[in-house]
Every structure is written in structure tokens, then in C-alpha cells.
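The first chain written gets the first letter, and so on, giving A, B, C, D and E; residue counts start at 1 in each chain.
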Amino acid sequence: MTMIFGIPVQALLGQLLVGLINGSFYAMLSLGLAVIFGLLRVINFAHGAQYMLGAFIGYLLLTHLGIGYWPALVLAPLIVGIFGVVVERLALSRLYDTDPLYGLLFTFGLALVLEGIFRYCYGVSGNPYAVPPLLAGGTNLGFMFLPIYRGWVVVASLIVCFGTWALIEKTRLGSYLRAATENPRLVQAFGVNVPLLLTLTYGLGSALAGLAGILAAPIYQVSPLMGSDLIIVVFAVVVVGGMGSILGAIVTGYMLGLAEGLTKVFYPEASNLVVFVIMAIVLLVRPAGLFGKDA
Amino acid sequence: MAEETSDMAGLSLREASAKPSPRLEWVLVGLGIAALLAAPFFVYPIFLMKMLCFALFACAFNLLLGYTGLLSFGHATFFGGAAYFTAHAVKVWGWPPEAGILLGMAGAALLGLVMGFFAIRRQGIYFAMITLALSQMFFFFCVQAPFTQGEDGIQGVPRGVLFGVLDLNAPMNIYYFVLVVVLLGIFAIWRIVNSPFGMILRSIRENENRAISLGYSVAGYKLAAFVMSAALAGLAGSLKAIVFQFATLTDVTWQMSGEVILMTLLGGIGTMVGPIIGASLVVGLENTLATSGFPVTIATGLIFMVCVLVFRRGIVGEVYARVLGRVGKG
Amino acid sequence: MTSASPLLAVRGLNAWYGEGHALHGVDLEVFAGETVTLLGRNGVGKTTTLRAIMGLIRRRTGKVVFDGADLMRLPLHRTAHQGIGFVPEERGIFSTLTVDENLVLPPVVAPGGMSVEEIFDLFPNLKERRNSPGTRLSGGEQQMLAIARMLRTGVKMLLLDEPTEGLAPVIVQRIGELLATLKQRGMTILLVEQNFRFASRVADRFYLMEHGKVVAGFPTGELADRMTLLHEILGV
Amino acid sequence: AEISDGKVKIGILNDQSGVYADFGGKWSVEAAKMAVEDFGGKVQGAPVEIISADHQNKPDIASNIARQWYDTEQVDAIMELTTSSVALAVQGISKEKKKIDIVTGAATTDLTGKQCSPYGFHWAYDTHSQAVGTGGSLVQQGGDSWFFVTVDYAFGYSLKEQTAKFVESHGGKVLGEVRYPLGATDYSSFLLQAQSSGAKVIGLANAGLDTSNSIKQAAEFGIVQGGQRLAALLFTLAEVHGLGLQAAQGVVLTEGYYWDRDDKSREFGQRFFKRTNRMPNMIQAATYSAVTQYLKAIDKAGTDETEAVAKQLHSLPVDDAVITGGKVQADGNMVHDMYLYQVKAPSESSKDWDYYKYLATIPGKEAFLSEKDSGCATAAQ
Amino acid sequence: MTGAATVPPDLNAEEPRVVLSARGLRRDFAGFVAVRNVDLDVRHGNIHALIGPNGAGKTTVFNLLTKFLAPTSGRIELLGHDITRTSPAKVARMGLVRSFQISAIFPHLSVLDNVRVALQRPAGLGIQFWRSLAALDRLTPRAMELLRSVGLDDATNRLAGDLSYGRKRVLEIATTLALDPKVLLLDEPMAGMGHEDVATVSALIRSVAGDRAVLMVEHNLTVVADLCDWITVMQRGEVLAAGDYATVSRDERVKVAYMGTADD
């Protein structure tokens, strides 16, 4: 068996694949954050909570209404998206004229409330959500046993990420979004319905978090705490990628997933630090982030 | 490169534009101090001391947010870090309390130097996220480092005898000691804010490029402010370790960083008294809710949302604006 | 549209920045096809007038009627669709958009606008740099882009805030010619200008502002008679 | 007979909204109230009152409340005290104030070791009992090669180290360990490492959601089907319930109470279920036991004065609806039998909350450190 | 020091000494050369204009000279010191101060404080965090004097952000002057100003140029003709011509490229 640093190549491949799977979640979540940040200048601290919400909606649909995974895959992001729309209309839209930090603080509060409510109602030890029968089981790739569901997560996230990227960078709607990012009032004065654009963007970003959540439900325990642990890492991912850069968020998400995967093999104690260490290095070398424009 | 300040931007995170007249302010300060001197005879001292520690913590934090415009989401690092240093020095090395507290402050300043070094490279939200991430690193460090005793925390820290004469185990002794130190700390912050140095901080917050072109080394100023804020936050943490006789992970979590933001926001960003009031309210609320059965996180979160939406200036800022606004403008 | 009723009528327009009362009842009207220039010293409220007409200032009262529509009641994004375009003093070029994207950004609100090709003929500089980010252009180039992008939209009326500010004389000349062309095509223009010489070449009429109010209005023909007043108020 | 201020007041101080809220939480409060009712609501003619507070896992809040309870609210004893940092802090205060505390919700052996108190008691379980229970007994069941997945901080190490000690002393072997940082959400990488080690048992030295997620993901990667066994070193019925049998089947764990063990436990479990709609785990059950025992001690002492009650608590045998044959050591540790269980497969479960298959009993003497070994200075005298 | 000047500057009484010089300055932006091969000498006591069509690279040259941008190649000397690699704040402390094309003020400080902030550092009051604000009072007379000289003394207590555009520019010049710079770089100081202000500011610039060097970018040719001793004309990133106004304005290339055929 070939070895690299004392680890069989096959085991390493397995670990890389696992890293890529986690990277898929980082990518989807940081993408949502980047989209929201890009236009609203709001660091959506509630992103983790919305991810949790996505998973919980999946769980509740199943247990209360008997609605299974596939419909939930559509419904959960939709509901989270609508929730986002409501939040934007009722609250965030009132904050645009203020310092962007208020958006961060508001969503921070929102995250606490969401998490608190679910903790209160459903406890913290989490609830099970089964892998859909169609994707149950796994295949032996030779170097590892890959649960089919995890393979599906990678595929789904790639589709979602690059679809969103194309929407923003390649369409006319995208150029409205980018322009509104810089000077929303002026774009509105040109005749673009910017308030609607903002609402939909927050909805879209939230829906992306919800989608990640329902995708995660069969892998992790559906628990009120599932988002808050993840969100800070995702923030670091976004800093590394360069805020506001859509492509940066996606690519960095996958990359850091891989980096973390490797660390888990060679020095597992540091696997939760590696993202932050990379962030520190990137800040030293390229303060604007890997894909950020020069600030 | 020059970022144009949009003239459509409304109220931003800056100090209250309306302020009471200096004379009124002094009267209020005098009343406040008198109340604090008398308080331990009416209110539970431990609670008061906790409130005082958090008040200092919030004021130190406000030095950075309210007067330099930098939102740190990692101030728990300094608060909790200093608590660990002090607790360790006093308990394990047997240092006297005053030395332990100084060590805690110095340690916090050092942590501030390191974190600041990275964070001041970016502004605004980026700054917030970087401090958050770095403080999370420190949290993991504390979880794993043997000297912090991990999940258990450093327990049973002796309060000791101050300067070899004042026995801090007597409730009134420690209370007045804490009160004096906190007041000194807050005075230091007030001094910094209302100093020539503070003026430069303000101008940097207003227009960084212009400050550079006037010859100010902006990075140096920001770093200095960051370190000062960290050291003072550390002072608060060290005091807390002596008061409660332990240092645990709670004080280095990001939730603690969030809590100090809440205190400042609730009381009034960029006001001197706001953070003190905010800290008292939050500490009081946590205590009340603990026995009420109402989930604390929900309450905290709701306060955050309401503050941001309805009274962004915070209680004190709002009072200033309502009562004194018209006078102040003229 | 008879020439008797103005395309744009502003009555008693007041505007505030926070507590600051910037406009104290501005009255003016612009007829279809006219070029009208707003003169006044720094800070009298010229820019504010244009922004209040567009609805870019939130706190405003009074009456603004454009082409029969009451602009006071419309949300900001509907104003442009009435056929009115705004070129701000600070230009408002988007750095994350290329020159091309900047150019096609404002939605077309009515037929009859210029095509991108026509625009590039008018501003060859822009064509040369069409793929660079908008704000990488020089100050002057950005001004051209800011005007150019409104020409595509088919608006009936343009509000131009100091279009010659910071521009080289050749370009100023070019912009003068451009305004003349636009006028021939029937464009209505409300212009704010410090460059009195430039203004006097392109305008049909003048309004003079002082302290947030219009204090005088006269056609270009009367310019000579009004010199003393202008002297007094503008220091020209 | 005198009861101070004519009333016995017991404070239940625990996590009711944080990460360990399911571990004991508001159900522990219910259990305490049940104990009082079962005791008749009165002791020595004085009414008994239960008050409770949520310490949110913050030692400073806990100690603030504890001091306030002792100083101004005439609380006589504090119990439950989920999580070690809180338990140690409150035990320190209780010691200073000469008040009784009975910990049911924290794991650290320091409570009856280095930081023991003459008035402090530890009920239910500790890291040692979990280690012996799961580590020692599993080797006897044939699980003689181990790989640990350890959460990287003191709690994880002590669980792992103590377990490894018992594995080895029973003739088993430890093949390796992977230490992962607290707060990890994905365990597949660590589990793959554990899988490829070929160990017969994978020991999960962690707690709470970490354990749930490791178990769930182990199921996903087919680890149990692949013939390896999962040993959760600190896992209770509440979490098994949360995880569901599908994912949790086959997991081996140690608890000091299981409702379906015998008639006595079933009777208690069902009464608890009527009140709360769930079966108690060992922490909630132990809280019942702790309150009951405290009241018995007051009754016996005829007073609620701390020294006298502590003396009774140290000497009275523990025998109630939850614990059988318990004995309190000089270091304050309540020694009782622990049980090794295996989680049933869904097909084996015949009714609601029918989750465990009994594997073995760990006699109290083995499960807990003796007062000589505990390192408690006052007990050694 | 570095030997570019053959004669020690202050010995040469005829030619005012060169205080700021650039040699072979070049700056690329992702393949686009915004400034190439620019040589420039700014002399003490002179008002030097940098003119040229939009996009010629004038602002970029300013940014290079003040170190807000790093030159791709070339060399810059200030008062005999090589500052090619010096930080912008350091350069400012050495006496090279600029204004911005987009007005740069501290909007939420009062007009008076705007000026006092500029006075603080030279007065050694930049880092005193232990002293009271009253320490700044001794700067007030000088600040008032500066404000008076630009006609802003009626607005000392207003927030700078509430001033109109033109008056903001005037304020900016006042703060710049507060530093008493050796070399003053003004990027379009008259843009957006009314005629009256233009006259005030022209007079102001003339009066301060006596004992310092001024380099300004300006499109208002009347001002340039009136004020400037030396003019450098740029086009497409390069120096097209240099000389006094009369020379430059007769240059055919300059007429075609910049001044146009209209009057003036």
C-alpha cells in the first residue's frame, strides 16, 4: 500500500472525500451569507439559525404532516425563504439607513430567539431524521465506504452554488444586484424596484441556508444548536474568501472543507482551528481575502 | 480608495450627538457614586460587584465601539482571558490579589495586541468577524490548555489580602475595593475619550484617509485604542475572578462577547453612563430570568432586536436625545 | 402636451436633511423641449432641488407634477418610469460593474432612447474602456458615462447636476454640443451649473436660487439686462 | 427538634435552557417535587419547598444565585448542579456557608476528590463509574480491543483515561485514539480512523450532542453493521430517545437507573411518566433520590442544622424508589450499583421507551473510587 | 543627500530649490498603464499646475506622490529624501500634504474641530490620552485664524458634514493649510465652488505659496493662468508639455488635446 506521511493513500482519499462533503455545507452557507452581505451589507448572524430552521422544518413536516424528504427539499427552503422575506420586510428594511453593524446585531438577536424557541420546545439533544430510502445505504469505493446520501450532498451543493453564481454574475438581474450593492438609492432612482430586490435577496440567502439545513438533517442530529456551532466557522470561510465575492465564497468553502479534512487526519486536535489559522494567514498576506477586491 | 460617506446614511454607530451640560453631568456622576457607596447596605453585594465588573467591561468595550467605531465581537477573550491569568497567578502561584489583577490586565493587553494586529487590517463588519474568529481560537485554546482546567474551570481562587493589609474576604472590604477600581477604570476611559488622543480616534472613525493625509498613523492609533480597551476589559475580568473566586470557560465564549455588545447597545453606544446602565440591566435580567422559567436566550435575543429596531441610541442616548436634544443642538 | 402646461411643475417644494431645512418653497416649471438652468451660489439648494424632485430626499413637502403625474406620491423606483432621469453631481458610477454594464444598467422606460452604438460614437473614450470597472475611469470619463447611460433609457427629461464639474475644456465643449443635440431631439433638460459661461450657451431660461428659494427667473434673451442682479447674487 | 425558619427549602439549580437542558433540566425539578410529595410535603412538621433556577451553564450566575439563596432566601440545600464548572463553584460556596449540596448532574470526580466538602455529596454517576461500567464490563463481554474518539478537553481525557485503565486492567488493549476539538459537527473523519483501526470497540469519550452525532454518523457509515461496537461513555436515556433506535441501536452505555429494570423502578418510572410524559434518566431519578435522602436525614436528625444533617447523610443507607443499597462514603460519594446496557434495535423494542437490553451489573464498590483513593483530604482524616 | 542635485539647494539663490521631484514614474493597473515615464520637479515658492484632459493620470500622479498608491517603477524624492517606499502618513509628517478630489472632511466633527485635528499632531498633541481636551484650547486661535482666512468663521460650530459641497472644499483646504506643509498638493481645489469662493481660495493659495511649494490639478484655466508659475500638461499618462502659462497655451498639441478651440 502506498503511504503518504504514514497514512495509506486510500485512507487519505477517503478523508479528502469526507472533507469535500463538509466543504459542501461551508460553500452553501457562505454563499448565502455572501449573497446577503453583498446587497444588504448585513452580516446575517441568523444564518446558522436559518440553517437549523431548514432542518427542523424538514423534521416537523415529517413528524406532523408525514411529508417526506423530497417534498421537504423544496418546502423547507421555501418556508425559510418566506420567513426571511418577512424578517426583511418587518425589520431589516428599517435598518438600511443605519450603520451596517446594526444589521449584524439584529440578526444576532434573531438567532438567539430562534435558537431559544426551538430549545425550549424541542430540547437540545436533537431529533432523528432518516436518510430517504432512495439514497440509503452506501457504495464501496474501494478506498472507503461512501454513504450514497453524502455523495448526493456534494452533487446538490455544486448545482446550487454554481446556479446561484451564474444568476448573480451573468444575468441582468445580477447587475442590478451588484449596482444596488453600491448605491441602492441611485439604482432605485433609475427605476429599479430596489426594495423588492433587497427583500428577495434576503429571502434567497435565507432559502440557501434552509436548503443546507434540510440537506444536513439526515446527517446530523436535527438540533437547535446545529447552526450556532457552524456559523462562526462559516464566517471565517467568508473572510478568507473575501466578503461579497460570490465565487470566492463557494471556492473557499470547498477548499477549507478539504483543508479541514486533511487536518483531521494529521493533527485532529487542531481541526477546528485550521480554518481560523488559515484566516489569519490570509489576512496577513491578502487583507481583502483570497477573492476579494483590493479594499 | 477614498470611500465616500453616503449622505443618505442616517444615524450611525457613533457617540451621542446630544449630551447634557457638563455641570449636570457632574451632578449625575456625584449622585451615582453616592448611590454606589450606599448600595451594599440595600442590595446584595455579590450582585452589585458583578454588575460593577460588567459595567467596567462594557465601558471598556464602548471605548472601542463608541469612540473608535470598531465593533469587536471578541472582547470575551480579554475579559475571560484576564480572569484566567489572575485566577492562576493567585491560586497556583500564590500571588497577592493586586499583582494577580495587574498580571491579568497585562495579559489581556498582550492578547489585545495580537488580536488587534490582525483585526485592524480591516474595517467595519470585517473587523467584527475577524475578532469573532480570533476569539473563537482563544476559546478553543482555553478549552484545551491544561492551566484553565478545561470544563471545570479554575475554582476556589483565594481573595487574599490586598497590599498585605486589607482582607478581601470581608464582604464590605471587597465591595469597596471593587468599587474603587471600577470607578478608576471608568475614569480612565472617560479621560481617554476626552483627550487629544480621543479626538484623533474620532477623526479616524470619521474619515480614515483624511486622517492619514494629515499625517496620523491610523493603524497605530487603532491598535493603541484596541489594546487600551482590551486591558481595561481585562481589568474587569480580573476583578470578577477575585470576586467570584473562579475563572471558567463561560467568560471566553462568543456569547459573552455578544452580551457585552448587548449591554452597550441597550445602555447607549458612545455615552459614558449608557454601558453602566446597560450592564446593570442585563445582569439583573439574567438573575431574574434564571428563576422565572422563561428561557434567557429568548429574552436576550428579543432585547437585542427591540433595541436595534426601536431605540438604537440606547436608553441613555435616547434620554439625552429626548430631554436634551433640542438644547444640545442649539 | 400643449406648450401651455409645463412638463415639470414644482410648487412650494420644501426639503429637510435631518433637522436642517434646506429648501424653503421652491417654485419652478420647465416646458417640454426647454433647457432650463438653475443658478446659485454654493449651498443654496440646487442639488437638493433636483434630488427632491426625484424623491431621493425622504423628507419633502410641496407639489411636484411631471407629465401629469404627481411625483410626490410615487415611490422612488416609479419616478423614473414617468420618463425622468437624474445625473447626480457625484456621478454614481458603479465600481463592481464594467463600463458596459454601467451603461445598460438603468432600465429603458420609454422607446426613443439612443442605442449603445450611438452612445459609443458620441464618447469614443468609453468604448475603449468598455470592459474596465466603472470607477477605474477618470473623473471626467465617469461624468461622460453618467450622462451617457441616461441617454439609452428614453426619458423625456434629464436632471443634470453640474455636468461640467472637473471636466477639461474640450470635454466641456463636447458636452455642450451633446446638450444641443439632445435638445434638437426634443429632450427637456433641467441643468444645475456653476459654469456660467457654459450655462449661458446651452440654456433657454434661467432660474436663480438663493437661500433655498427661487428668487428670479428669466429667458436667456434678458441675460444682458439682468447682469447686475446676477452680479449681486452670484458675484459673476 | 427545630427547623430553621420553620421551613425546609431545597434549591434545584441546573441548566434548563442550555446544552445540557435535556440531561436533567426541568424534569429534574419535577423529580424533586415528586420526592417532596412522596415524603408527605412535610418534614418534622415543617413544610418542604422546592425552588429552582436556570444557571445557563454559567458558573457566575450559578454562584450568584447560590449565594443569594443561602443568604437571603433561607435555602437549606442546593441540588442537581448540572455540569462540573457549576457544581464545583457552588460546592465551594456551600462549603464556605456550611450548607448541604448534592450533585446529581455533574461528572467530575473532583467533587468527592480534590475539591470535596464535608457538606457536599455526589449522587448518580461520575466519570469513574462510567469508565468502569463501560470499559471494564465490555472487555469481559469480549470487547478487548479499543479505539477512542475523545473530545479534546479535561472531561474527555478523564473519561478516556479512566476507561483505558480498566480496559487494560481487564486484559484488553487500546489500539489508538483520536482527539477531536469540542464543537465539531462532523465525526465521519474520526469514525473512519476508528474503523480502519480494526478495534472491536469504539469508545466515545464525549457527552451530549457530540455523542449523539457521533453515533448517528457511525450508523451512516455502517460501523456497527461492520461488526464494531460503539461504547458511549456518557450517554443516557434522554439522548437515546432523542436519537431514535434506528441510529442508536447497538450502542453500549452505563446508567445507574433504567425504568424497566425491576418492579420498583418501573413503578417509579411510570409515575414520573404520568407527570412529565417521559421516562427519567439516571440524573433525574437521582435527583429524586437525593431529595428523598435529604429529607430522611433531616427527619432522623430532628433538625435541619447542617452538621447534623450531613452526619445523617453520611451514615444513613440509601434505599428508595430509585436506588437500592446505596451507601455514602466519607468523601460524600454515594456508592451504588451501576448497570451496563445495550440499546435495542427497533425490531427488539416492544413498547414506548423500551430501549435497553441489560448486559451487566457493576457493583458499587467497583464503580466508584473508594474514599481512600478519591484524594479527598477531609475523608482521609 | 542622494546626489541628484549637484548643488546644495539653499546655496542656489537664482533657481528656487526643488522640494519634490519624481523621475520615471510609472503605474500600471492590471495591464493598463495609467502613468508612464513622468518626470516632475516642484520648486519652493512656486505654484505648479498639473493639467490635462480627463483620464490623463493627474490624480494617479497625486496618489503616487503622496504614496497612497505604490509606483510600479520610478523614484520620488521629497526634500532630498527618497520616499519611494515610505508610508503615506510618514510622508505627510515630512511635510507633503494633499487634498482629495472628492472632498475629505470629518463630517461629524465641528468645523473648528476639523481644523484643530490637523493642528494637533504638529503641536505634539496626537497621543496624549491622559490629558484633558482643554489641552487643545491653545490651538483654537490658530484654527480660528485659518477659518477666518477662508471665510468659514461664521460656521465654526456647525458640523462639517452639514456644509454645502463648496464650503466643505474650503474647509478641507483650511485643514490642509493647518499642517503648514512644505509641499501642498491640491486636487482640483476649485471644483464645485462658486465664483466668490474661487476668488477667496485663489487669493488664499497665492498667499500661502510664498514659503512653500504648491502642486495643483485644476481645470479652471482662468485660475491656472492667474495663479500658476509653472504648468505641466499631461496626456494619456505622459507629460505632453511643460512651461509657464504663455508657453503652454501657445503649444498646438496642448490646444488640440486639452484647451480646445473655444474662447480662452
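Heads up, the rule we're going with is that contacts are C-beta pairs under 8 Å (C-beta built on N, C-alpha and C of every residue); 3 or more make two chains touch, one makes a residue touch a chain.
Predicted model only: the values in this text are computed from it and were never measured.
K.L.:
Common contacts of subunit B and subunit C?
P.N.:
A, E
K.L.:
Compare the CA centroid of subunit A with every other chain's and tell me the farthest one.
P.N.:
When every chain centre is compared against subunit A, the largest gap points to E.
K.L.:
Let me spell it out: compute each chain's centre from its C-alpha atoms, then which one is farthest from subunit B's centre?
P.N.:
C
K.L.:
Once you find the CA centre of subunit A and the CA centre of subunit E, what distance in Å lies between them?
P.N.:
48
K.L.:
Taking the mean of the C-alpha atoms as each chain's centre, how many Å separate subunit B from subunit D?
P.N.:
Taking the mean C-alpha position of each chain, the two centres sit 37 Å apart.
K.L.:
Suppose each chain is reduced to the average of its Cα coordinates; what separation in Å results between subunit D and subunit E?
P.N.:
Centre-to-centre distance between subunit D and subunit E: 74 Å.
K.L.:
If you average the CA atoms of subunit B and of subunit E, how many Å lie between those two points?
P.N.:
42
K.L.:
Name the residues of subunit A that each touch 2 or more other chains.
P.N.:
Residue numbers touching two or more other chains: 116, 119-120, 183, 185, 269, 272-273.
K.L.:
At which residue positions does subunit D touch at least two other chains?
P.N.:
Residue numbers touching two or more other chains: 17, 152, 181-183.
K.L.:
For subunit B, which residues are shared contacts with two or more other chains?
P.N.:
Residue numbers touching two or more other chains: 4, 7-8, 140, 144, 295-297.
K.L.:
Which residues of subunit B touch subunit E in their complex?
P.N.:
1-2, 4-5, 7, 14, 17, 191-192, 194-200, 202-203, 206-207, 209-218, 224, 228
K.L.:
Considering only the defined contacts, which subunit D positions touch subunit A in the complex?
P.N.:
For subunit D paired with subunit A, touching residues are 17-22, 25, 152, 178-186, 188-190, 192-193, 196, 208-209, 212-213, 216-217, 220-222, 238-239, 241-244, 246-247.
K.L.:
Taking the touch rule as given, give the residues of subunit C at its contact with subunit A in the complex, in rising order.
P.N.:
Listed in rising order, the residues of subunit C that touch subunit A are 54-56, 75-81, 85-86, 88, 92, 94-97, 101-102, 104-107, 109, 153.
K.L.:
Within their complex, state which residues of subunit B touch subunit A.
P.N.:
6, 8-13, 71, 118, 121-126, 128-130, 132-134, 136-137, 140, 144, 254, 258, 261, 265, 295-298, 300-305, 307-309, 312
K.L.:
Mind pulling up the subunit E residues that touch subunit C in the complex?
P.N.:
29, 32, 51-57, 59, 101-102, 162-167, 188, 191-197, 199, 219, 221, 257-262, 264
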